[in-house]
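Here chain A shows up in two complexes: once beside chain B, once beside chain C.
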Partner chain A sequence: MKTLVLIQMVPDLVEELIVDRDGTRLDSYNTHWVINEFDDFALEQAVLLKERQGGEVIVVAPAMEGVEDVLFTAAAKGADLLIRLNGDFEGEVNNHSLARQFFPFITQLKPDLILTGVSAHHRHDGALGALIAALADLPYIGYVAGVTVTDGKAVARKEYPGGIICEMEVQLPAVLGIQSPDTPPRYVPISKIRQAMKTAQIEEQEAGGADLSGGVAISRLIQPQASGHAVMLEGDLDQIAEKLVAIFKEQGVL
Partner chain B sequence: MVEMVTQEAPPLIRTEEKLKSCIQCGDCSSICPVGYLMDFPPSKIISALRAEIYPRVLSSDSVWFCVACSACTAVCPAQIPVTTGLMTRTKEELLMEGRVPEELKKALESTQRYGNPLGESPRKRTDWMRGMEDRVPLLGNGRSETDILWYVGDYASYHPRVQAATRALAELLHLLGVNFAILGNEEYSDGDSQRLAGEQGLFEMLAEKNGRVLKKYRFNKIITTDPHAYNALKNEYPRLGIVYPVQHYTEFLAERLEALQPLLRKPLGSTITYHDACYLGRVNKIYEAPRALLAAIPEATLVEMPHYGANSLCCGGGGGGMWLDGFHWEKARTRLSEWRIKEASSVGANILAVACPYETPRFEDAVKTTGKAEELTVKDISELLLDAIR
Partner chain C sequence: MSGEIYVLIEHLQGQVLDISYILLAQARELAGNDAQVTAILLGHQAQALTAELAADEVFYYDHPLLETFTAEAYWKVLAGLLEERKPRLMLFGETTIGSETAGGLSMRLGLPLVSHCQKIVRDGAVLRWVSQLFAGKMLAEGDLPEGTALVTMQPGAFKPEQGKSRQSPKITPQPPADLSGLRTSVKQIIQPSGEDVDITRLDVLVSVGRGIQQKENIELAQALAESLNTVLAGSRPVVDQGWLPVSRLVGKSGKAVKPKLYLALGISGAPEHVEALGNVEMIVAINTDPNAPIFNLARFGATVDALDLLPVLSEKVQQAKGG
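And now, the complex of A and B:
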């Protein structure tokens, strides 16, 4: 089985986010990029499937700051083929353009399963997986929390409110938007990543031009504004504790 | 016959020869403060290795109880390096298999990504010195030389509680007129606790990064806030070719007691007990300097706990324990820090003095969970000294 994992980088929320002067995007100088957590989950799910039933895991990621480390870490986890997609991904990008740039890999590589994170916190135009599935005319299931594959079919597990678990069967090839893998992503020791840096190769491919059509235009990007909904408790520690207990009782927590 | 020890040899192989000298006295397992919680305490691991059933050891995750306090190593009559050669190596085996408790994994990944286990931005490493920039010189930006390079460390830089102690030490250095500077945002985690949690590769990567930064500057000596950083710089970095004279801040201040003493005028009127940090005391034999500093505080009585000196009890934060609180509590419903607080309380102390950045937050939590908040205060020695000055 051939599994294609599509990864994108997202702004690192550990760093302070600064809005660019034009007011519609983040200041690129101050933005650090990290792997989208849901894409990391998708990678883990792909590696788990490979460990259970063999096959090949191919990872494609747009060329951005830190992406080599992400790809080598993927190799250390068990990815077989690493592809860096060269292009301007720190400028104007949305999920529609990214889907169009990822789509050729589906026709070229003919994967059985395409996994990607169910969402990315800096995108505003829907789920990447759903857009790719539409372009490739493949079925899509989003918010997947565990996958098994048998006889050319995947069973995707989804979680609903109230503790309800749903299992959906889908004919492969298919695209799945991963919310969480069967088990949390594994830790990869530095020594294994360094080993991967020595042995694994990153293939490079040029991305097509960015076609942003279908996405949303951002008119204004602003920091969250402080609103008047918070109640500040005044007084010394004992008075504050007393007021807090009264609020807890009023809300039925105590 | 001279035993050949190569830098490349993995710890377990280096230990194997020594393991043959184990007399199975069981002292290592008996003295281990968490040995009773382990499926395979140290002596049992050695037995498993001898019986060639070591994979059974790896079937259990109970080695994560080990806080690398080095009590087993100190007590071993055959001088087997039990902590680093056996326990850490076993953790390393689990780590290589990816079997790492989630909270430890997060700390290790944060260290990989940000250079500190707290997952904070490297750019915020100097946030603790806000408002005292005039008293804490930074290397870089034109300054490349200092007498004393203060390696501040992770928790001293980032942890909100520990930052207060860090600021106190900065004030003390300033008051003593020490020509010092810090690395600021160029500093990386020393990596010692990550090493003792089994992540040798990460430790070496951090050491290389710190080594490259240190090489840029000229200084006469390094002082550290953290006993783990002190241990790394003194005992581990030289193995990687990074060799500098290093002192823990308590040693450094104790050497300047003559200048410090006249400043200590304010009586504290307290009964103080001192907690020997594992990597200051047992591992590096620094027992007197912290006590000399505390003895210099006017109207303070120093009392010892049942476990002190080489027989001190770990706070529970070493060897990755700092990032395994949930694991320990979930499996054992007990905390070493609480045990220690009960000891401090039992000797009538109203101040527990510490000299390790792991300990202030750990013991302050334990003071609350044991209901001792009314009677016992936890303070870093640097804070106590400053209290006695102002």
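And now, the complex of A and C:
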């Protein structure tokens, strides 16, 4: 079985987010990029499937700051083929254009399963998985927390609110948007990543032009003005704990 | 504005989901007196679900394969409808049903899509949208292009009651859809295990997020929860790590809770988590990041490390109980 994992890089939310001078996007100079957490989950799910029943895991990621580390880490986890998609991905990009740029890999590589993270926090034109499935005329299941594959079919556990799970069967090839893998992403020691850097090769492909149609332009990007804000408790740990106990008593829970 | 506003009605196991009423409330506000609000219901023997929908009309598609949602079936049915009728706007929930339906339709039909939308407002003939990006740390604004636009919306701007009506809407059954050749099917629906405590019924919840950092630290929070006679809940990252069971998940794919006190420890307040806190009486947030969105929602907060605070707070609570 051949599984294609599509990776996106997203701004690291631990860092301060700074808006560009034009006021419509983040200042790329001051933005630190990391792997989209849900895409990391998709990679883990792909590796778990390979470990259970063999096959090949191919990872494609757009060329951005930090992407080599992401790809070599994927190799250390068990990915077989690493592809860096070269193009301008820090400028005018949206999920519609990214889906179109990823699409040739589906026609060229003919994967049985295409896995992406269920969502990414940095774009406002829909989830990549649904977009690329529609483009490739493949079925799509999102919010997936657990996958098994047998006889050319996948059974995916789709999560609904309230802890309800809908078990769905889909004929392959298909696209799945991963909410969480069967087991949490594995820890990879740095020594193993360094080893992958020496042995694994990153293939490069040039991206096609960015067709943004389907997305809607942002006229302003701002920090939210809160309608309210918490009363902040000051002092050392003892003083804050005492104030909290007083609040708990006043609220009638202590 | 003129034209029609469509709202996709989401349902599961014979219940209309609250997000659909919230979308109807948004649609009604936009429609004013010069546009029609049409609810779009896909189901099987589901006509009773239309009773409270605050819509002018319901387009109802009935088919056994529409009893439970699959993106493929919804794409097939709705693509035909949108191509034929060309409404001004179609609203979907930013949900397990709405987001994948809207995404597929946007790409298939070449229609513009705005996701993570908080609110749409009219400014003359222009429809302006506001969306939450970067897990709620930024707001993006823009105008919807002319023609048909698709929008997926988060809850929050309206209450479900605002999208309900005592007067049943006009129901217009639609021609049977051709759903041959679907590659997706529903095998079974699995109910959550009833073995664990039901966190939606508790008066106090101690809840942990990414700030708890590692599994070993769960015990610190667990001790506080026990001293407050409650259990530990958590946000998505903690459950994804396997540190808490899914039955303790608070958020979009977990449970919406309504305690008198919700103590959020190391939780940033991402939209997926916050949407489950709408009925909480009091939120108290502990987070080292002073810009964490959870502080905009909390009544009280402190910017200290939850891991440092937990042992001290547990001891003070024990003292207050006379222990």
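Quick note on the criterion: the second predicted complex is superposed on the first by the 228 of 254 C-alpha atoms of A that agree within 3 Å, B and C clash if a C-alpha of one lies under 4 Å from a C-alpha of the other, contacts with A are read in each partner's own complex, and residues count from 1 in each chain.
As a convention for this text, a residue touches a chain if its C-beta (ideal position, glycine included) is under 8 Å from a C-beta of that chain, and two chains touch if they have at least 3 such contacts.
Quick caveat: nothing in here was measured; it's all calculated off a predicted structure.
Student: Once the structures are superposed on A, label A:11 by its partner contacts, choosing first (chain B), second (chain C), both or neither.
Tutor: second
Student: Touching A:146 in the superposition: chain B (first), chain C (second), both, neither?
Tutor: neither
Student: Tell me which partner A:168 touches in the superposition: chain B (first), chain C (second), both or neither.
Tutor: A:168 sits against chain C, while chain B stays out of touch.
Student: Examine A:233 and indicate which partner it touches, taking first as chain B and second as chain C; both and neither are also allowed.
Tutor: Touch status of A:233: second partner only.
Student: Is it chain B or chain C that touches the larger share of residues in chain A?
Tutor: It is C that touches the greater number of chain A residues.
Student: Determine, under the contact definition given at the top, whether A:117 touches first (chain B), second (chain C), both, or neither.
Tutor: Touch status of A:117: no partner.
Student: Please indicate which partner A:189 is in contact with in the superposed arrangement: first for chain B, second for chain C, both, or neither.
Tutor: first
Student: Between chain B (first) and chain C (second), which, if any, makes contact with A:155: first, second, both or neither?
Tutor: In the superposition, A:155 contacts chain C only.
Student: For A:34, using the defined touch cut-off, is the partner it touches chain B, chain C, both, or neither? Pick first, second, both or neither.
Tutor: After superposition on chain A, A:34 lies in contact with chain B alone.
Student: Per the definitions at the top, what is the overlap between the chain A residues touching chain B and those touching chain C?
Tutor: 184
Student: Which bits of chain B are touching chain A when the two form their complex?
Tutor: 95-96, 98, 100, 102, 105, 108-109, 112-114, 119-121, 123, 199-202, 204-205
Student: Flag every residue of chain A that touches chain B in the complex, lowest number first.
Tutor: For chain A paired with chain B, touching residues are 14-16, 34, 184, 186-194.
Student: Considering only the defined contacts, which chain C positions touch chain A in the complex?
Tutor: 12-13, 17, 68-72, 75, 95-96, 99-108, 110-117, 129, 131-145, 149, 152, 182-193, 203-204, 228, 237, 239-242, 246-247, 249, 252-256, 260-261, 268, 270, 281-285, 293, 295-304, 308-309, 312-313, 315-317, 320-321
Student: Given the complex with chain C, which residues does chain A contribute to the contact?
Tutor: 11, 13, 17, 19, 37, 41, 96, 99, 119, 121-127, 129-135, 139-143, 155, 157-171, 174, 177, 179-180, 183-184, 213-224, 226-234, 237-238, 240-245, 247-249, 251-254
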